[in-house]
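Two complexes, one shared chain (chain A), two partners (chain B, chain C).
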Partner chain A sequence: MALAQLMLRRIWSRLAQSLVLLGIVSMVGFSLLHLTPGGPLSQFTDSPGMTQADIERIERQLGLDQPLPLQYLRWAGNLVVGDWGRSYRDDAPVLSVIAGRMGQTFKLMLAASLIAMTLGLLLGVFGALRQHGRFDRGATLATMVILSIPTFWFGLLVIYVFSQRLGWIPAGNAAPVGDSGWLVALHHLLGPAFVLGLVNTAVWSRYMRSAVLECLGQDYVRTARAKGVAPWRVVVRHVLRNAWLPMIALLGLELPSLLGGALVTETVFTWPGMGRLFYDSIANRDYPVILGMLTFSAILVILGNLLADLLYGLADPRLRRR
Partner chain B sequence: MTLSRPPSDPAGPAPQPGRRSLLRWSAAAAALAGAGTLPGLSLAQTPAAAGARRGQVVIGVAQEPTRFHPLQRRTEVDDSVHLNIFSTLWGLDPEGGLTPDLATEVPSVENGGLSADGLTWRVKLRSDVLWHDGAPFTAEDVKFTLETIKDPNYPASSRHGHELVRDIEVVGKHEIRWRLETPFAPYLALLAWMTIGPRHILAQVTDPTDPAFNNRPVGTGPFRFHERRPGDYVALVANDRYYREGPFLERVIIKYIPDQISVKTQFITGAIDAAMIPGIAPDLAEEVARTPGLTLNRTDTQFVDMIALNNALPQFAELAVRQALYLSLDKQTIYRDIYPNGVRQPTESFLPKQSWAYKPDLTPHRYAPDAARALLDEAGWKPGADGIRQKNGVRLAFTNSTIAGDHLREQFQQLLQQDWRDIGVDMTIRNAPSATLWGDFWRLSQFQSIIVGMIVPIASDPSPSNRFGSWAIQARGGVGINTFQYDNPEVDRLLREGVAVLDRDARKQRYFQIQDIIRRDLPFLPLSQGVVFEGVKTRLEGYKPNLSYRVNLWNLREWRWRS
Partner chain C sequence: MTTKDTTAPLLEIRDLAVHFPTPGGAVRAVNGVSYTLRAGETLGIVGESGSGKSVHVLALLGLLAARGGAGAIVSGSVRFEGQELIGRDEPALRALRGRRIGVVFQDPMSSLNPVLTVGEQIAEALTSHGLGRAAATRRALELLELVGIREPQRRARDYPHQFSGGMRQRVMIAIGIACEPKLLIADEPTTALDVTVQAQVLDLMRDLRKKLGMAMIWITHDMGVVAGIAETVQVMYGGRILERGPVRAVFHDTRNAYTLGLLQSLPGAAGAAHRSRLTSIPGQPPDMTRPPPGDPFAPRNRFATPRCFEEVPPLAQVPDGAPGHLVAAWYDLRAALAAEAAA
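The block that comes next holds the complex of A and B.
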């Protein structure tokens, strides 16, 4: 009961702080966006037949002729009542624009995260257990190479080798038009998930390796070994349970990226997800969508951190006692 | 509702490594699952439709079509949808001629559709046209479209030309008449771009920005709108009740692929059947051309590349300076080293070569840096201590801008910088993203010099009134896009006359004179006419470049798979 109360209080306090943070983020985002040179009207300015009167009329219709603080207040006020505005590009409500892309991004990022976590944890643990051994050196070198390669180039390489030369995977797209089968979708998922997954594997394995190494040097591990506990049991019961704690923070940070998308991979693999939506919206200065996505990302970061905090509390008995 | 998947190329196997490997994958998965059939793996191809209509074409484009409202057309890629789901009164053929579409004939003085002074218009319409929802098309739809575009409160993208229309009157169910306030010759061509909207639907909508129609448009064109997957594709299906010949395809998918390398790979691997808008990047064209089963078309565009000068700046005010800059421009080296394979065609005009008003014998450019130096010396521009010329306290120094990241143009700028440095001119590179350049920076002439690809004709009409008329300088409160701030009373007069006479030869004479004057005055330094590499599978027929439209997807009703 005490634990539940503690948790609830913590959640409320964090949520209250988050609201303030959200307000600041939205204000900074809004200001930066409008300070950026150019604007949504640039797509019309050199269109044959457009006149100055046309430009001014569109500016008025989009509400862009109003003073900036007024524009912000109007936008923020609407946001509070659930109206996130409409995209300048297709007039669709921002929330439905975002929702329409989230599914594809979630699918891609979940697959990539599963690959990354599984491979990363295995590489990290085994590398740490045989520190400076052949496996550890090999894994370290491989992860360093992957981390150094630009994702854009890595993606193109995968497409060139596995799609263009070998014909094993499609050259891109979430699925061929009209095919909604899960196996077809899975087939299309292989390339981008593999590329993203490997890049993240490198990150996860480095963190895990450090965490395990740190735990291996702790007194409780030495004590367990001295007591004669079986080596695998020492690793599973004593090392991994403690090494997992820093990973929880990383897991919290994964939430925004799970729904935030991966711009480069999505572009190279023609994946219609959130990353590309963000890029297209910036290129077209689609203010409502950019602001919507910034707000959405901020909410995800806040929720991810909150989740990590809560998980920490559950996983680490020391925190519960504080 | 989702589409079942018809064959991309029903006539024969296309290179589709994705599909081949998919079959291998599915076989492996089936073996693992111990099952004969896998749910969701639907590779069954629908049988070809009766008659000649069959198959699906997937067209890769680098921008995303988002606007499907016939009266709110915006970007060029939107045209790829508009021109195929909506109809116009008449269309433009690849030679720039007008061909009737919803109208039974193109109005002219000879057939009585136009009064001799060009002010009264009478248009007869087809009586066999149905909207995609089955409602009949009538003259009321045309009246509604014109009146809506004219309405100052309506968010139409442009009212150019339409603002002159007065007294629109429906004469009969299939005949309409109106009057122009003043003669305006380009209006015939402009109407070839005006897609007609359905009155019976749009008149009921109280909020003109209501996205409902945009997301489910109803037209009279050869294809019906099926669905849009944002960020992915737009699907069109054949209109069974289309009133003209075609379409010969069951479905057309306009697929958004933002990265040009991905466009090339998907084209080579068979994931897309055509690569358009803008097609294959020039440096990737050779690989595509080598691939069997694919045809690469080297197609002219209406874009003319130029170095636009801000003529209001003291550096550019003098003709001798502009001439010297042009003389010291080593065009040949640029085309040999930066744009090989004929990606750019040198030009001296602002009009594409295909325009009926293009003047082919304009004074050709010559590279003569010594002559440039002599010109500047003569004009009193003397080199200062730093080698840069100056006159009356004005240094011959300016910035040059282009789209940041356009690596070919950026290389071009570096050559330009060297060429001009050699004659004592200091050019500083100041690049920015598109959204920055083409806003106020361009519109209100805040640039000093800028490399720009410009389309001057509107529809097929060559009138450059809104580019060179002194009334079109927005920086001085004018209406138009004379961002050069070019002001020449003689050109103003010729521009006015050019739109006021209907006879093509008489108009041509004026536009020839304007091209001569502009070539002499050099408000911009003309560079080249653009070329794109558009690819289609060799078995796919119907691709026809047409410079009168912004995209070469204007005639999808004629596209078909060769049997």
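The block that comes next holds the complex of A and C.
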């Protein structure tokens, strides 16, 4: 099939572009990290039992005495073959440290995205259909309030109200040790997913609202009405079919903010995911893990955008051929 | 609607007015338009942008809200097949739109939905009025063939962007005539097309009109197009009708200065009789939030009399003109032209 062939070619060319992008991102990340004050050795220099000779030995051992470009090349070369280095803290391989935390973050992001998309799209659509109506004004105000509140504060507020005061949800953690029931897990997920989801709901609803408004004013909507198409059908088939196209692109664009939001949310809710790991690694100056996390997030975001692009190409007939 | 009276008009418009309230004052887009259309008649409505020619048909179809015109104030009376349309609820109008009154819009690129196949969009006009899905799909293929699109089976599955401008307009026409309406309103359907394609579309429309026996309102700014398709021509300006009559009478016995201006700005044979060289109409269209108190065209009219600036001229039969030739003018254009020629 010509379509499949074309898609394949597009995937390959986009993958090649993504690799270049990833190279640049990792280089910038690597350099920035080494520019930060403290340096990778600070956790050793800070401990009182260390002599100058010890430090120099560790420096050599970790390859930190080499020039920065060489350090980068060695790190990047190892990265490609799957050796992401070892954590300074417990000597565990970075890749397995990240892999151990990935599941919880994905669970949180998925739940938050589901909340954000359903709520956001609904708010956006119904707001736009009755523009400047009571519902629209209420939704606009609510989304503005949520967007203006810092996530950490919002998270603390949710913990205070729903956990401390009302006792509806646990204050943090994924699940108590030893308890693996899915209901318990879901109960623990509620708080952080709600916080992370609501922030993204606000973004989604704003985008969806303006997309629907734009499509409502299009000539083809007038054509549909002139044909005598039923109002609900005009909305579903003509307005929404077109309005959701930019939302696919948003899916890719929102991934970084979702990851960033997860960092704060996970820290507030002591959720054992990648965000927490990132935060803890920075606190501990665990350079290999920080670098690994940076690279991993970059790969995720690039892959997410690639996926969104390909989906967009499938969903919009104007992009299918060419 | 007691008896089938063949002389009863298909469409009868009385004192139709459309005003859009805006912060800067109401835009008086249409100001008391009255005319009738017989079954099978083709009426060409000519005017420049802002003359109210498109707005008044959107108003009678209940389609103004779709163009950000929510809150438009529509008054007057529009009777279609004996039924009043103004003030009708949306379901009643919807039952009429597409089925009894078909519409073909200009710029078929933006008027067709980019993410639906052409076949789906034609079939939708039929399923919206009760035809089953399978039958509608079959009929869509017939319609594509009828409007001159080859390989309808294959083309029905294509999207609008895969068609050329002329072919897209044919698709729009197929949508407009899908339910074999009694009245087809064509809003500048050939404006976005180049001249040869325009001629092909005109041919197609003449052909379809004969086959389906429908009346047509053809809205355009191009007098030449009107000469090619209409029996009756109606010239609009500032939301009013300035001249109306059989095409022959209006073209050769022109009584309104604006009509004359339109004809003189027409290149080619149809305009040649009216001028030695191509001319344009001086001045700007009026600001419709503050329309002039008298004849809307008076400020741009070199034949205007003092009365033209004070009082709106009524649309009345030209005393010594062809039957049905109406003009709204305080001045006598024929006498004024004769005096000019003598001088």
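Keep this in mind: the second predicted complex is superposed on the first by the 312 of 322 C-alpha atoms of A that agree within 3 Å, B and C clash if a C-alpha of one lies under 4 Å from a C-alpha of the other, contacts with A are read in each partner's own complex, and residues count from 1 in each chain.
Assume contacts are C-beta pairs under 8 Å (C-beta built on N, C-alpha and C of every residue); 3 or more make two chains touch, one makes a residue touch a chain.
Computed from a predicted model, the values in this text were never measured in an experiment.
Once the two complexes are overlaid through chain A, chain B and chain C fit side by side, free of any clash as defined at the top of the document.
A count of residues in chain A touched by chain B and by chain C gives the higher number to B.
For the combined model, the angle formed at the CA centre of chain A by lines to the CA centres of chain B and chain C equals 160 degrees after rounding to the nearest 10.
Once the two complexes are laid over each other on the shared chain, residue contacts for A:S163 go to chain B alone; chain C is not touched. By the touch criterion defined above, A:Q5 reaches neither chain B nor chain C. In the superposed pair of complexes, A:T267 makes contact with chain B only, with no contact to chain C.
Of the two partner chains, chain C is the only one that A:D316 touches; chain B does not reach it. Of the two partner chains, chain B is the only one touched by A:I58; chain C is not. Once the two complexes are laid over each other on the shared chain, residue contacts for A:R222 go to chain C alone; chain B is not touched.
Superposing the two structures on chain A brings chain B to within 40 Å of chain C, judged by their nearest Cα atoms. On chain A, the patch touched by chain B and the patch touched by chain C do not overlap at any residue. On chain B, the positions that touch chain A within their shared complex are 2-6, 17-18, 20-22, 25-26, 29, 38-43, 56, 58, 64, 66-67, 74-75, 152, 155-161, 190, 209-211, 214-215, 229-233, 235, 253, 255-259, 261-262, 265-266, 268-269, 271, 432-439, 441-443, 452, 454-458, 466, 474, 478-481. Here chain A touches chain B in the complex through residues 36-39, 41-55, 57-58, 61, 86-87, 89-93, 97, 100-101, 156, 159-160, 163-164, 166-174, 176-185, 187, 267-270, 272-273, 276-277, 279-280, 283-285, going by the rule given at the top. The touching residues of chain C, when paired with chain A in their complex, are 61, 63, 66-68, 90, 94-99, 103, 105, 107, 110-117, 124-125, 128-129, 159, 161-162, 172, 175, 178. Note for the complex: chain A touches chain C at residues 216-231, 233, 237-238, 241-242, 245, 315-318, 321.
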